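Heads up: the structure comes next, in structure tokens.
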Amino acid sequence: MNKKVLLFAGSLRTGSLNKKYVKVAHAILHEITGLDTELVDLADYPMPVYNQDIEDKEFPQPAADLARKVAGVDALVISTPENNGSIAAALKNTVDWLSRPPHNPWPGKCIFLMGASPGALGAVRGLWHSRIPFEALGCHVYPDMSGLPRAHEAFDENGELKDKASRERLAKQLKGFANRIF
Amino acid sequence: MNKKVLLFAGSLRTGSLNKKYVKVAHAILHEITGLDTELVDLADYPMPVYNQDIEDKEFPQPAADLARKVAGVDALVISTPENNGSIAAALKNTVDWLSRPPHNPWPGKCIFLMGASPGALGAVRGLWHSRIPFEALGCHVYPDMSGLPRAHEAFDENGELKDKASRERLAKQLKGFANRIF
Amino acid sequence: MNKKVLLFAGSLRTGSLNKKYVKVAHAILHEITGLDTELVDLADYPMPVYNQDIEDKEFPQPAADLARKVAGVDALVISTPENNGSIAAALKNTVDWLSRPPHNPWPGKCIFLMGASPGALGAVRGLWHSRIPFEALGCHVYPDMSGLPRAHEAFDENGELKDKASRERLAKQLKGFANRIF
Amino acid sequence: MNKKVLLFAGSLRTGSLNKKYVKVAHAILHEITGLDTELVDLADYPMPVYNQDIEDKEFPQPAADLARKVAGVDALVISTPENNGSIAAALKNTVDWLSRPPHNPWPGKCIFLMGASPGALGAVRGLWHSRIPFEALGCHVYPDMSGLPRAHEAFDENGELKDKASRERLAKQLKGFANRIF
């Protein structure tokens, strides 16, 4: 049976470099047999900043909807910005809302983290910081991660990576990840 | 000249244990001479989840207001929940909004982190995870942090810590911190 | 075919609480079918502090021997002390020596981390800090980890955990881990 | 009164890039008035891998000697390699030996971390991982750190940084640090 993979970027803005980067990953996963993939946009699941008072009154429907989507897959590929050397607020907020009972779909999911950044370090600090909440929730975060430095210059007008070696490296990582989805 | 200290909890909900805990810190700081303190509530500074599209259209006034407050102090005392073993979304979101130019008031601030948690570990994982964005922004995060385990049982009806030793330990930490505010 | 698991403690001293704790894990793994297990003692593989000058002259035989052992297994269970809130020097030194080419047996190994500590937090900070080098090396570190607080009072004279619930929790974690060995 | 600063590299090998990098820092600190500096070599303080059995028998004299040196200064500048994305074993081992009572000179020291690496990321992961034990010990680790990427090509035959901008950036960081030594 095919493994199901959900992809999204941990960014809300329309022109996000991470939305571009996760689209490349989506195209690559299409070339791997045995996978059913779906790419969603966090901006289509608007949530307030997590606040238990809101939760106690009424659980946000978009969070419940996205939790159901996560519950229905085996694995996730998430491309996330680095903000101040650490996890993006939009991603952390999404993780936390979805983790609330009775929804919590996270335990046991296989996760591949990637990150695009205009800087020279390719979001490496944000990627390592972002592993923690997923691991605390019982997710199997793939050890290898994919940082894309100087991402503002990395894509052509079709959204493809200009540098072929970068695309091949990502493809190799994603194939390795696909082999390790339970 | 007196040092100025801003205090808040990294939580939005009304009955937050961290709001209680930071109030205890506020009372203790009052007993230390040479400090001007102000306690604010993040819920009074409502912000959307960080999204550069919103920023490009109009910077949220509450974020600008809080950034001005932070810019006006020498130090901050922040009590933050641990969510999924890591930084609270409300705190990360606040840090990120305020860090955006031309506001960014963070570099050089002295910060004391504390955290109340119903669990046995006293938010220790969240505290260590929360240091990172502040340090990446150039803040001097005090090495010693104050975790309060089993916080749901820790306060009496007046909001005081029932356990005198816990209050004394916090007071000692805050005195050490106050001596290290530049 | 049976999965092979190597166990050791990240401590050198004879009376190490982590040597006791990993023995309990060894006994539990024996009860799980489909596993071949071997428990070794790092003290039997004496290595100098890592120094490339030594490596260039002659690679330490004990490090080469242990690297071969690690290369021959699918998974490792490592019980490690927390020293100064972080990874034990003996464990980091072992990881680094073994990682040197042409030996490096680490990539792809499945690892379960556990830690015994006399403190109340059960080595939780050391466990999270210890994940990093293994993940950087491409190991699949199991998200759930097992910290044993107040470990100096935890064992009876036969080396068994006095608290049955603690042993059951560890057994449950190790069964979960065993199911995830590739 | 002059502030005292001890400098060393977290590496043992003779030709260490970090020994070169910390020498540059030493020269820069000489240009700052009000500082007394001393540069030492960890290789002159040979220690076994930390083992409590050794400690119980006889505390290593080199560790006691270095602990006394650390106790006598206000601040340290440490240049450390990144090994497997994390703290160098030689540095962790030194920190742990010195931390043992009755020596423990670490609490309250001001520390500037720097790291040279042949890679493109300039030891950034190792630097962030290395903060933790120092902060757990109560050291004030300066938030800004100095990573030197492609360090194998960075020095001329006199041990100077070829790139003037890199030296100026380091000098600016060290001046900032010197202003924050208590």
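The letters A, B, C and D name the chains in turn, as written, and every chain counts its residues from 1.
In this text, a contact is a pair of C-beta atoms (placed from the backbone, for glycine too) under 8 Å apart; a residue touches a chain by one contact, two chains touch by 3 or more.
Values in this document were obtained by computation on a predicted structure and should not be read as measured data.
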Label of the chain whose CA centroid is most distant from the centroid of subunit C: B
Pair with more cross-chain C-beta pairs in contact, given B-C and B-D: B-D
Type of subunit A:subunit B copy interface by residue overlap (half), same or different: same
Subunit B and subunit D: spacing of chain centres that average the CA atoms, whole Å: 30
Length of the line joining the C-alpha centres of subunit A and subunit B, rounded to whole Å: 28
Whole-Å gap separating subunit B and subunit C, where each centre is the average of the chain's CA atoms: 36
Residue list for subunit B, restricted to those that touch at least two other chains: 125, 128, 132, 135-137
Partner subunit C, residues of subunit D touching it in the complex: 12-14, 16, 43, 47-53, 83-90, 92-93, 95-96, 99, 125, 129, 132-133, 135-137
Residue ranges of subunit C touching subunit B (in the complex, touch as defined): 120-121, 124-125, 128
Subunit A residues touching subunit C - in the complex, by the definition given at the top: 128, 131-132, 134-144, 180, 182
